[in-house]
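Next, two complexes with subunit A in common: one pairs it with subunit B, the other with subunit C.
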Partner chain A sequence: MNASLMILEIIVGIAALGLLLVDLWMPVSQKKFLGYAAAAVLGIVLIYSFYAPQFSGLFNGQTQLFAFGNMYVLDPLALYFKRFFLVAAIIVLFMAVEFADRIDTGISEFYALILFALLGMMYAASANDFVMVFVSLELITVTFYVLTSYQRAKQASLEAGIKYLILGALSSAVLVFGIALVFGVSGTTSFPRILAQNQTLIGSPIFLLGSLMVLCGIAFKIAAFPFQSWAPDVYQGSPGPVTAFLAVGSKAAGFVLLLRILFGSLPDVVTHWPHVLIIISGISILYGNLCAIPQRNLKRLLGYSSISNAGYILLGVAALSREGDVAVLYYLLGYLFTVLGAFAVINRITRGQENEDISLLAGLYQRSPLLALCLTLSMASLVGVPSVAGFMGKFLLVMAAIQKGAGDPAYYILVFITIAGVGISAYYYFGVVRAIYFSKNATDLSPIPISLPTRMIIYVCMAGMIYLGLFPQAFISLASNAVKVLHG
Partner chain B sequence: MSLLTYILGLPFLGALLVLMIPGNFKFIIRSVAQLVTAIPVLLAVWMFYNFNSAPGVEFKYDQMVSWIPSLGISYHVGVDGINLGLVLMATVVAFAAVCVSNEIKVREKEYYFLLLIMIGGIFGAFCCLDVFFLYFFHELALIPTFIMIGVWGRGMNRNYATFQITIYLTIGALIALFGLIAVYLQIPVGSRTFDLMGMTNYFRAHPIALNSQHFIFPLLLFGFGILVSLWPFHTWAPLGYGSAPTATAMLHAGVLKKFGLYMLLRIALPFLPDAAQSWLDIIAVLCLGNIVYCGFVAMRQKDLNLLIGNSSVAHMGFVFLGFASLSLIGVTGALIVMVAHGFLAALTFALSGYIYKQTDTLDMKEMGGLLRKLPFIGCAMIMAMMAGCGLPGFANFAGESLVLFGAYSNFPVMTAIAIWGALVIGAIYMLRGVRNVLHGPLSEKWNGVVDASSAWRRVPYILLIGFLLVFGFCPSLLTEKIKPSAQAVLNMAQRPVQPLLKKAPKHLPIRVK
Partner chain C sequence: MIHVGLEHYLTVSILLFCLGLLGTITRRSLLVIYMSLELMLNAANLALVSFSRFNKSLDGQVMVFFIVTVAAAEVAVGLALIVALYRKRQTAHVEDLTTMKL
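Coming up: the complex of A and B.
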């Protein structure tokens, strides 16, 4: 047993529990500032992850370190995602502090739940065993049941919570059933051991059924077709910071698990059904983009956009190649800054408003050029305009798919679907931009004051989007190094 | 630093400056925009004058900075005979476009910011020698185009036109990107590069396999074809230009649209010669669609801008015909048409923009007799229309006649129809346009119309006509520079078609007893 490898998770877990304790002594008026303390701890953990002596093996060239009888793996891929989740959680915590006045009671529990969700994501990044997969996913999902319905006074928030609970429980059931079937046939839940038996197991229909059910459980997490239906409702109803964390963290956790399972445990399933990922990806892209066209609610629009983005990222996974996985990691990083930037703006402009209608953006350009610029950059990045992160990400994804196209023309069809999807998405993303700059019916033109933390989030997200768009080399090498473990 | 880096960096620098200047200093914003587009004109003229196509170095003024080494992407600029004229044309049109932008009276700061980004993207799209960056800059120039049409555009159909042009061009560009990546992936891992020189060298030594060529070529042809308004994918163009603000129409119709043709010549023809040769006949037929069909459509137009838009689509046909000829004369002619049409399209859209500002309509039925009120603009209009139907003395004549000479040996029938389309149909709609707008009785309601009186207002028109005349009277200024580079492209494109049997084992095990 080598528990010291989990030092990052341990600190985060202690911080979350500590937060709950400190809450007891904190005067009510000060409670909201606990979020900064939590963010500071995460910042320290993030920095520590680069220097931790426990990881020295990794820094010195070892590829994988194991703990708990190979259930827990630490490798560059896990570290990449752990840092990814930490960055996302820090930004989300800042957002949550800004959001604190819209939460009636229990703000420190709100922070603590964000940390617990983060803990689940960090464990997911290191999962090397189906039990681990299930536990970490449940940790994420259960905390999100609470988080999505945190604005108890709002009907939409409760509705989002219930919908997420029912569908989430269903998908967990499917996942655990799948795991049980795989275990029943192979006699183990450990990834490497299942991998070793793959050749013999592939003939068993029960094993295939189990694998498919596992993939379905994961598809729920990343909001891919045919398990996408929760995303728009939940995105719309949840409190802003929760939606942001759901969009970035929960989706990325789903993808890291998908990568681990596909390459670490069940590679032959994909060779058995070569087109399953391609079909899921293509339909997600079309569904997300087509449904987003008529949306007027910003958060709902981003909900549909998140479905289509799941489709784009699956394009990279479906390529089953190193280039594809690099593209997935890179795209997710760009997506983090893009989506968090967009939600920072949306959270600010919906303050004191009944809904998140797109008409709120009218005159935003006069009211606050900074918010307008940030949201514009986010939309540009989601479309894939050059010089912002999304362009480079899509470029890498499409390139990975075309590379595989020589062997299987289905990839070419998928690329054409992506082209159509991007074309459609240009329509509704530009609709948002148009509302910001060119809407004629702006009623309220009073300037929007922006607090320092929101300003910081926006600067960080804009810097991230532009840096990733203009200087991708450093992060491509980082991602390329991280996915090495998946491809021998 | 290469001269080209300054040319393409200045507009971006200007855009940054504009962003920092408060919006109510309108004069300063205008001056900055004017300055950062005027200097590139001088630099480009100097470069054009000093350019010698001596053999040896393929690209002059080149500069290379590694950007994403793991993918073989680098910032690489340089000019040879093919893009030299285009860069010069781009800088002149950009300068003229800023000159005529005084018609914009709302949100000037945003307008000039977007205009300068578009201009910077356009310069990049013709200066770069890295396929990734070519695409990157083209996309960067497209986005402001869409926004400018949507915001400062005119007419009832503005929103419709914006969405149509956005979706058409986005999809066209993505299909082309698909093709470009597919070309890139033909190079084996390790030596993969997006650099045009690297790719040329590799594909010169290792031709792409036939089946891949036949797969990739249509992607490039139709992807870029949509961008160039190749018939039947041209419907976005007349309406889009009709709704666009003057400067945007000038820049897009004049310069940015040529990007697709430029890429076809740079990539599709030399790298995919076998597929290209099998598509030549189809290209020749499609280009007749542009020349004849769009010519007929132009004849029926009642709106001056739609007439110009359709005629600009019709002119693209000659470039395609020149490519289809795959001969040195034809390709040289096609390149001259590209340069000449850039000046011409910019000129006609600038003039129609001026008339629109004065009359507030472009309906030709309402106009008439305007020459009396607009002696300068009217004369410029007549010259532009004459250049459009190929009057000798304008650069268009030089280009179009070379194309027709080049195409005659391979496509005699098509050439005959194209001549008919250019001279007869072109003359009908152009002269009819002149008659309806400028001649005839002057309606009373145009008494308030004023001519471009100050010298400064006349600069853009004089500049554009001047270049048309210079290259019309001395086409050798262009042809001498184009020839060696065009020959280099054709050497690859005209390679004898790979025999299918080459793939089979050379020594078949046949035993002779």
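Coming up: the complex of A and C.
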């Protein structure tokens, strides 16, 4: 038992509970600003994660620290993702403060729920036991049920919440049954102990079925085919900041769990079915990109784009190599700045509007060059234009797959599908850019005032996208250090 | 006197799971769908408890405690959402969830 390792989670948990308490004696007009307090606490936690004395073992070259009977593991991978989630949550909290006027009641609970979801994600990054996987995933999912339906006066938001609820509960039931089967055959829920018996367990069909069901539960979280159907509706109906957090945080939490389970617990399952990840990745890329073409709603468009991005990232996981995992971590970081930047712009331009149609972008270039520039950069990054974050991420993913291609030609097919997918995606992402700069039917050309917090989010996201695109080396070595634990 | 072994428990558990899945897919009322989902979770609980009993390890029982607790939280949120929908639309059918398309 070494509870002090969980110091980051403990602070976030106390901050979330404290937020609910402070809400009681805060005047209504001031409640909105609690979001800044929460973001400040997260900022301190983020800085503290670099200096915490409890982690000194990690900084001095020790690879893994354990707590709670090996259920909780702290290693560079966990720290990388915890910092990732903290950065995402800070930006999302700023967005939420900007969004506060569109939420009728309970704004402090809104912030608190974001912190609880963050808590679940941080625990997920450290999961080393199936009990931990289940509890952290449910903490994320149940808070998101509430968050997605937070504007419950709006039919779309309520509908998004219920769809997410039904499909989320279905996927967790499948996940739990899978865990039960894995436990039944192996007699334990602990990752290292299942890993030790992998060679003998792989012969058991029940174990294989259980592992498959566990992977289905995770595939739902990352919105990969065939568990993607919730993504467009939920992305469209949810409040803007929630969609952003869902796209970045929830997806990354799914990926860190996938990495932990695949490499820490069930590696032989993938060698038993060598092509399952490749197929899922390829179909997700094609499905997401093809379905995004006719979309007119910006959030729905990003929903389909998130399915195709899940496919791209799975390409790195499917490579089952160190290079692939580095690419996954790097791509997710670029995706964070890209998607949050895009949502900051979308949240601003949809203020006071009935819909989120692409036509809202008409004349954006004249109305606010900053918003136009940020959205253009985001779209460029999503396509993979060189010198923006997305290009470097896709380059690393494809390189990892090509390296494995010599042994298995299926990887070459997947690389071809990826490149085809990028080509298709260029069409609809360019449609957004065209609406910004060349749309002829702009009715309203009044300048859009941008508040300071939104401006800060946009600057940070643009800086992140450009820095990651131009100087990838520092973050590649960081990611490469983080995935060392997965590959012995 | 027949001997009730692990396979009997597992058969029941798998049957419950499949029934739940069937209910989730075929039923149109949100409440019934939600009941079916709970049935699936409880099928997993039954499997865990019986594995735990026959593996002589308590880990599965502990897991069941977590599942029951989490399921209670999920029901609290889920029913609240369904009630909110009912207040707005006066029904709780999946056919009412079709405003978002293309």
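We adopt the following convention: the second predicted complex is superposed on the first by the 488 of 488 C-alpha atoms of A that agree within 3 Å, B and C clash if a C-alpha of one lies under 4 Å from a C-alpha of the other, contacts with A are read in each partner's own complex, and residues count from 1 in each chain.
One rule holds in what follows: contacts are C-beta pairs under 8 Å (C-beta built on N, C-alpha and C of every residue); 3 or more make two chains touch, one makes a residue touch a chain.
Worth saying up front: this structure is predicted, and the values here are computed from it rather than measured.
Aligning the two structures on subunit A places subunit B and subunit C side by side, free of any clash.
Residue by residue along subunit A, subunit B and subunit C are tallied for touches, and C comes out ahead. In the superposed model, subunit B and subunit C sit 140 degrees apart as seen from the Cα centre of subunit A, a figure rounded to the nearest 10.
Of the two partner chains placed by the overlay, only subunit C lies in contact with A:Q236; subunit B stays clear of it.
Judged by the touch definition given at the top, the superposed model places A:S305 against neither subunit B nor subunit C. When the two structures are aligned on the shared chain, A:S381 is found in touch with neither subunit B nor subunit C.
After overlaying the two complexes on the shared chain, residue contacts for A:V433 are found with subunit B alone; subunit C is out of touch.
Within the superposed three-chain model, A:L181 lies in touch with subunit C and out of touch with subunit B [touch as defined at top].
Figure legend note: subunit B and subunit C, brought together by superposition on chain A, show a least Cα distance of 23 Å.
Overlap of the subunit B and subunit C contact sets on subunit A: empty, with no shared residue.
Those residues of subunit A whose C-beta lies close enough to touch subunit C in the complex are 130-131, 134-135, 138, 142, 145-146, 149, 152, 155-156, 158-163, 165-166, 169-170, 172-174, 176-177, 179-181, 183-184, 187-189, 232-233, 236-237, 294-296, 300.
Chain contact summary for the complex, subunit B toward subunit A: residues 67-71, 110, 135-137, 139-140, 143, 146-147, 150-151, 163, 166-167, 170-171, 174-175, 177-178, 181-182, 184-185, 212. Residues 10, 13, 17, 20, 24, 30, 33-34, 37, 40-41, 43-44, 47-48, 51-52, 55, 57, 59-60, 62-63, 66-67, 70, 73-74, 77-78, 81-82, 84-85, 88, 97, 99-100, 102 of subunit C are the ones that touch subunit A when the two sit in their complex. Note for the complex: subunit A touches subunit B at residues 380, 385-387, 391, 395, 398-399, 402-403, 405-406, 415-416, 418-420, 422-424, 426-427, 430, 433-434, 437-438, 472-473, 476-477, 480.
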